[in-house]
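Naming follows writing order (A, B, C, D, E and F), and every chain is counted from residue 1.
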Amino acid sequence: MYFYKEDLINPIIPDEPDPAAAKVLQEVLGGRFGEMRTMMQFFFQSSNFRGPAKEFRDLIRGIFLEEISHVELVQSTINQLLNGSGEPGVGNQGTTGAPLEEATAHSNPHHFIMGAQASLPVDAAGLPWQGSYVYSHGNLITDLLDNLVLESTGVLQKTRIYEMSSNKAFRETLAFLIVRDNAHQNAYAKALEKLGVNWAKIFPVPNYDINKYPECRKYVEMGYNNVLFNFRLDETRMAEIFQGESPSRSSGQLSVVGPPQGAPVPVLPEMPNEHSPGLSDLNE
Amino acid sequence: MYFYKEDLINPIIPDEPDPAAAKVLQEVLGGRFGEMRTMMQFFFQSSNFRGPAKEFRDLIRGIFLEEISHVELVQSTINQLLNGSGEPGVGNQGTTGAPLEEATAHSNPHHFIMGAQASLPVDAAGLPWQGSYVYSHGNLITDLLDNLVLESTGVLQKTRIYEMSSNKAFRETLAFLIVRDNAHQNAYAKALEKLGVNWAKIFPVPNYDINKYPECRKYVEMGYNNVLFNFRLDETRMAEIFQGESPSRSSGQLSVVGPPQGAPVPVLPEMPNEHSPGLSDLNE
Amino acid sequence: MYFYKEDLINPIIPDEPDPAAAKVLQEVLGGRFGEMRTMMQFFFQSSNFRGPAKEFRDLIRGIFLEEISHVELVQSTINQLLNGSGEPGVGNQGTTGAPLEEATAHSNPHHFIMGAQASLPVDAAGLPWQGSYVYSHGNLITDLLDNLVLESTGVLQKTRIYEMSSNKAFRETLAFLIVRDNAHQNAYAKALEKLGVNWAKIFPVPNYDINKYPECRKYVEMGYNNVLFNFRLDETRMAEIFQGESPSRSSGQLSVVGPPQGAPVPVLPEMPNEHSPGLSDLNE
Amino acid sequence: MYFYKEDLINPIIPDEPDPAAAKVLQEVLGGRFGEMRTMMQFFFQSSNFRGPAKEFRDLIRGIFLEEISHVELVQSTINQLLNGSGEPGVGNQGTTGAPLEEATAHSNPHHFIMGAQASLPVDAAGLPWQGSYVYSHGNLITDLLDNLVLESTGVLQKTRIYEMSSNKAFRETLAFLIVRDNAHQNAYAKALEKLGVNWAKIFPVPNYDINKYPECRKYVEMGYNNVLFNFRLDETRMAEIFQGESPSRSSGQLSVVGPPQGAPVPVLPEMPNEHSPGLSDLNE
Amino acid sequence: MYFYKEDLINPIIPDEPDPAAAKVLQEVLGGRFGEMRTMMQFFFQSSNFRGPAKEFRDLIRGIFLEEISHVELVQSTINQLLNGSGEPGVGNQGTTGAPLEEATAHSNPHHFIMGAQASLPVDAAGLPWQGSYVYSHGNLITDLLDNLVLESTGVLQKTRIYEMSSNKAFRETLAFLIVRDNAHQNAYAKALEKLGVNWAKIFPVPNYDINKYPECRKYVEMGYNNVLFNFRLDETRMAEIFQGESPSRSSGQLSVVGPPQGAPVPVLPEMPNEHSPGLSDLNE
Amino acid sequence: MYFYKEDLINPIIPDEPDPAAAKVLQEVLGGRFGEMRTMMQFFFQSSNFRGPAKEFRDLIRGIFLEEISHVELVQSTINQLLNGSGEPGVGNQGTTGAPLEEATAHSNPHHFIMGAQASLPVDAAGLPWQGSYVYSHGNLITDLLDNLVLESTGVLQKTRIYEMSSNKAFRETLAFLIVRDNAHQNAYAKALEKLGVNWAKIFPVPNYDINKYPECRKYVEMGYNNVLFNFRLDETRMAEIFQGESPSRSSGQLSVVGPPQGAPVPVLPEMPNEHSPGLSDLNE
């Protein structure tokens, strides 16, 4: 059973609205290698796990639990990037003067139609997330290799998306997730190391220069690339795997720690132009 | 942030393998009105909620939390229905004598190919779940009406699926979920009642005869149709809505209670024929 | 604007339930070359038509109008094939004795889950119809060639599906539609003949032997392969094209005639097992 | 059987080309809650209707008939918005000077590739319409509730899209459809009122201020929010439901009336740049 | 079995980066009527061919072989259009100054996220290619007619896309492919001519004016509209069909010739900003 | 440019028709990890390759070339399994006596409708292949890891499918492909070994017992698990990587060799019942 404390896993930094950034950040939410994929893939692999080697199941489930809060963080960051994007002077300077003309320019028009300037289960091209993205092979080695590719592609795509806007809310959330993907990359690499593989110097993949993504630095200094957060209310055996020297070139000792401090879930303003939530309409 | 205690929300009753039942039970997991839909729809609506009426957000989020464990329950029930289905004498009596010939008969062949006889994010016809199933309209009344339809269709489809096999594991899980869908139907109907609607006698929809689904009776007797489980580790305001007389013809007082007792998550047996988990192969 | 008289375009012959036949007949409704495709393709081509050659637009629109009633005919035939298919002794003799166990055998399970044993906008494999099936190229010659292929594939697939069951309701509807597809093939072939093409002996495609599909004979004898029905309440110029000698080897004069006599739309029985329509539940 | 008179259900107001507006108006045609959805959903529900309560079937079918002409109206409005959009000085001022460079800017490029600047069965993000959007549950109460959500979402999305351009053709068509969606909302709300529900003040949803959408006013003054048009050539029983006081806060008496006056279907100009229709090419 | 010589089938002309052109050129690669469709359709038709009339199978297979190199040519042209598109002064002059802000403007963002500024199996709207595009009817006449429509639509769409940018790399590749589509149109028209059809003056479709697409002229002067290239290492009988007078108004004799001279496959530069290929990272 | 010699890469063993086996073998053709995926993924990765390390590009391209002939082999095997499946006494013993009633039982009905008992670009559940299956990340390490997972899943799924029928044509083709997937697994594992990884004992994945799949033995004895076939007509540098000791527990030296001997492409019989090819109809 699943429990909740109303906190975001990381704070969202305030900045201006940026609907074009919101459009591409959708890849991190609903893309083929986004957070919905990791969340659901690790959920299915946990539930479908066979055999007595529970330390592996606990590892996969532990990362699944964190991914739920990653989904929530990206939803909330997209919402903040959209907030106020229909205001005069923001984004597209259209020719017709209509309040939401922005939606026809560099934005995803569904952000303004389907909901009231809010996150969607789609990718940067507007394609809906699909169940066929999820893979639960049943064979543990194949699952671990697949998860390792998944986390690597996570970093790869996030570093590319990072360069699409200098908006601070956008970059901070990406930076936090890049470092956490490194930690999860370490987790799956370490699990395969337990089975005998020696990764030499290939990880992290991609082998990015942290100076290019300065927001990442503080998370590395906090050790976030070498820890797994423990969201279990009962026992977990994931530390049997996630311990010892990091399998990546970036040195350090792996350890399982408690959940991060968290940050308040934002209260989104009403948006009468979009009839949201529409209760004041009711009372008129 | 999300926390976990390794318990199923309801026990799975042991019975024989039944891969044809597993095929149709997929509708309840990955169908257009299945548990993945309700889970993700309420997740997006919670995160995208606008305005200060937090009692509604807490209501939607509270039901979302339960839906995560519904997904896990259905995954686990499908897995039990599949376990052993490639054994001699189970299911299809094929003509070629191949061990997994069952997969070509009344089963979903992907249950035997994609994973090792395990649940998938697809529906009863084998179609992958899609992000476009999720709806987060932004307008609260529309969201509540949509959720009410969703829970009604949930009951409707589960009562129909119930009649497709007399397998006990299959029927027990369906019965539990039917009664919980009734509770969630009550929650959304009550929220609209707060806004002025009088439902008269139309709920529950469909207005099923409980004698046709005898496994449901004990859950009704336990009051499961009139309670919401509270999975929050902090405060929630959902009881401001979910209280008082039930909006359905089935009388009773609504109340918010603690989580159910739960049941152990099963340990699935190894399945060497499917190379799962494949660690023993490694050590040969 | 569109008007309606509650008549099927052709009678449905009574016969036993046959859910396996219903499953494959879905191809004719929601398949890539089924009646929903022809209906929507000709609708878009009519509305998107450019230029003053209205006789071509009227031809395409005239066939579109008939296709709406083809969709209704196939929906109704599927419904009749499904009616009673959950009764004892019909279809699958399952091992568990559940009333709708049929749904797990040779049927499309969605016929029993999504609706109450009723037609769906899907194909024989259960895949939902897609807007990308519709083609409206804008170039008239390309559109006419594409429509000609579409009608040819219509005949081709229907003759193949015809051989999948000897059910009379199933075969009669197919036979009527095969002959009407021939008429529409003639229409598009004739339109291209107007532009100079000489088809020699290649039509009809496929060049089927009518003795293999005996139900077709009476429709040919009624001249249904050489007429277009006129469903316009105002003037149409389609007879400027659809006249003179048939472009097919099957000789005959083409002509535009009034609508066929029609047949009553069946009243489907209630199905309490499926909670349909569920009003009697309400009054209990 | 279906009949046709070549008239649009409402006139299209002339204005400048606006391909960006055409892109977002596609949501109203091929979106999840657009006119193709309502048309096909009510078509399937009519054909699949069970039981003797024909007044409900007639109501759903009556609305279906109007939706066909809504599809035609939106197709035609999109076509007018696209006409001339490749001309110098329209839309995108590209850097390469190519005649159709507009297609690479704020437009849907498929409007210029798939057809000759013409409507498509897709939504505002370019996603093809899908059969899985259609819902025909078989249970009448669930169908009515679902249709009520559908019409509410129709209004909600159209009011949002309205704010994306001030183009007159665009806004006039949207305004007409908003008021007609209100009428259909009233129809389904009234049908549920017959079954006992009291809606209090929640309808219309959303409870929009008509002064924000001034083009709507004349349609309300014509009473279009409180009438159903009768497109039947035979008897219909829908007035047994659609009569009496409106179920919405906007007061008024419901009534069934004859079809509206209609407006000529436009003749679209040839577009040689797009090889449409291409007959003049043939005669060169 | 398939063999390869590392040569493009036609040279790519150097020009500036043009990511908006790359976006629309994707239609020619992964669109419903693009080169992946023709390649896979003719592949399936070749392998599924029935009966002894091998000259037809050899014709279809011969064109299939050329289509593989068309896919490679379009992939390579897209890659050249993307190369350098993230550089200062190229494309979108964004407001945030981020290096890849271009991706949020007129480009397909997936070109910058999924790969390192590289071609994708999608169309101009970003929709993934689908197996359902491929048609292999089994009936030879239907297959030939379908292929003829396919090649006609190929020309039609390429002439429209041609007008979306004046970039030289873009237009040269389109011009080559337009003329080759004409040759393939001739091949399928001729095959049907063998079966008796007289096409009169309708081909080529569309009947474009070569002066509008000046890059096409040299390919016509080289006779590329009237030849099939022979990529077989053994015997082929396709010349039994592809010979004699062209079936199109553009006169000329059809003939089978050897492969064209070819052009070197470009070596794409490294792109460190996109972590591609990322080996230098490894050695740092 | 691509060249062809009309030979299958491996012979197909004759055996009885087995349409249920054909249905599941579609996974190997059009499934998420099937031969169409490997073919197209390696095609895109080859064309999109960046940087001077051509030995890697040549390796990927070399495997791509073989995959084209794998697609052809699986198409041909499916066709043989379908041939004759509509004959009396084969497969389903239906109740209606219709010739193709088999299509409604354990078969994929599209095998009998879309083409004339022929292969399709779909998977075992009938889902069309999708472009989104293809991954070309741009980062070489990520691409190699992804390809390694792909080949591992290829073996995993084929060993599972192998157990679904004892048909000899079915099992022989699977066995050949399993061993070739092992070779390709070795290729990608070796490429990563060049970059420093030590795989210890984890490969091959899954670590199957060859005695369970006896048809594999002769291919292993022929050394097919340790060779790459060279289909280049010019120079290739892939042997710079594919040489030395195998990276798998199964010992042996890797080497690049010439193409295999090949086997005649079968001539499929006419199928008049399916109107294929339909030329004899024409001459009647």
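By our rule, a contact is a pair of C-beta atoms (placed from the backbone, for glycine too) under 8 Å apart; a residue touches a chain by one contact, two chains touch by 3 or more.
The model shown is predicted, which means the values in this text are computed figures rather than measured ones.
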Most distant chain from subunit C, judged by the mean position of its C-alpha atoms = A
Gap in Å, rounded to a whole number, between the CA centres of subunit F and subunit B = 38
Query = Taking each chain's centre as its mean C-alpha position, how far apart are subunit A and subunit B in Å?
reply = 26
Subunit A: positions in contact with at least two other chains = 32, 114, 122, 126-128, 130, 132, 137-139, 141-142, 156, 195, 201-202, 205-206, 274-275, 278, 282
Ask   = Touching pairs of chains, which are they?
value = A-B, A-D, A-E, A-F, B-C, B-D, B-F, C-D, C-E, C-F, D-E, E-F
Task = In the complex, go through subunit F and note every residue touching subunit C.
result = 86, 94, 96-101, 103-105, 108-110, 112-114, 122, 126-128, 273-275, 278, 281-282, 284
Query = For the complex, which residues does subunit A have touching subunit F?
reply = 32, 127, 130, 132, 137-139, 141-142, 145-146, 148-149, 152-153, 156, 192, 195-202, 205-206
Request  = Using the touch rule from the top, collect the residues of subunit B that touch subunit C in their complex.
outcome  = 18, 20-21, 23-24, 27, 31-32, 106, 123-127, 156-157, 159-161, 163-167, 201-202, 205-209
Task = Using the touch rule from the top, collect the residues of subunit E that touch subunit F in their complex.
result = 1-9, 30, 36, 40, 43-44, 47-54, 56, 61, 65, 68-69, 71-72, 75-76, 79, 114-122, 128-132, 134-142, 195, 231-234, 259-260, 262, 267-271, 274-279, 282
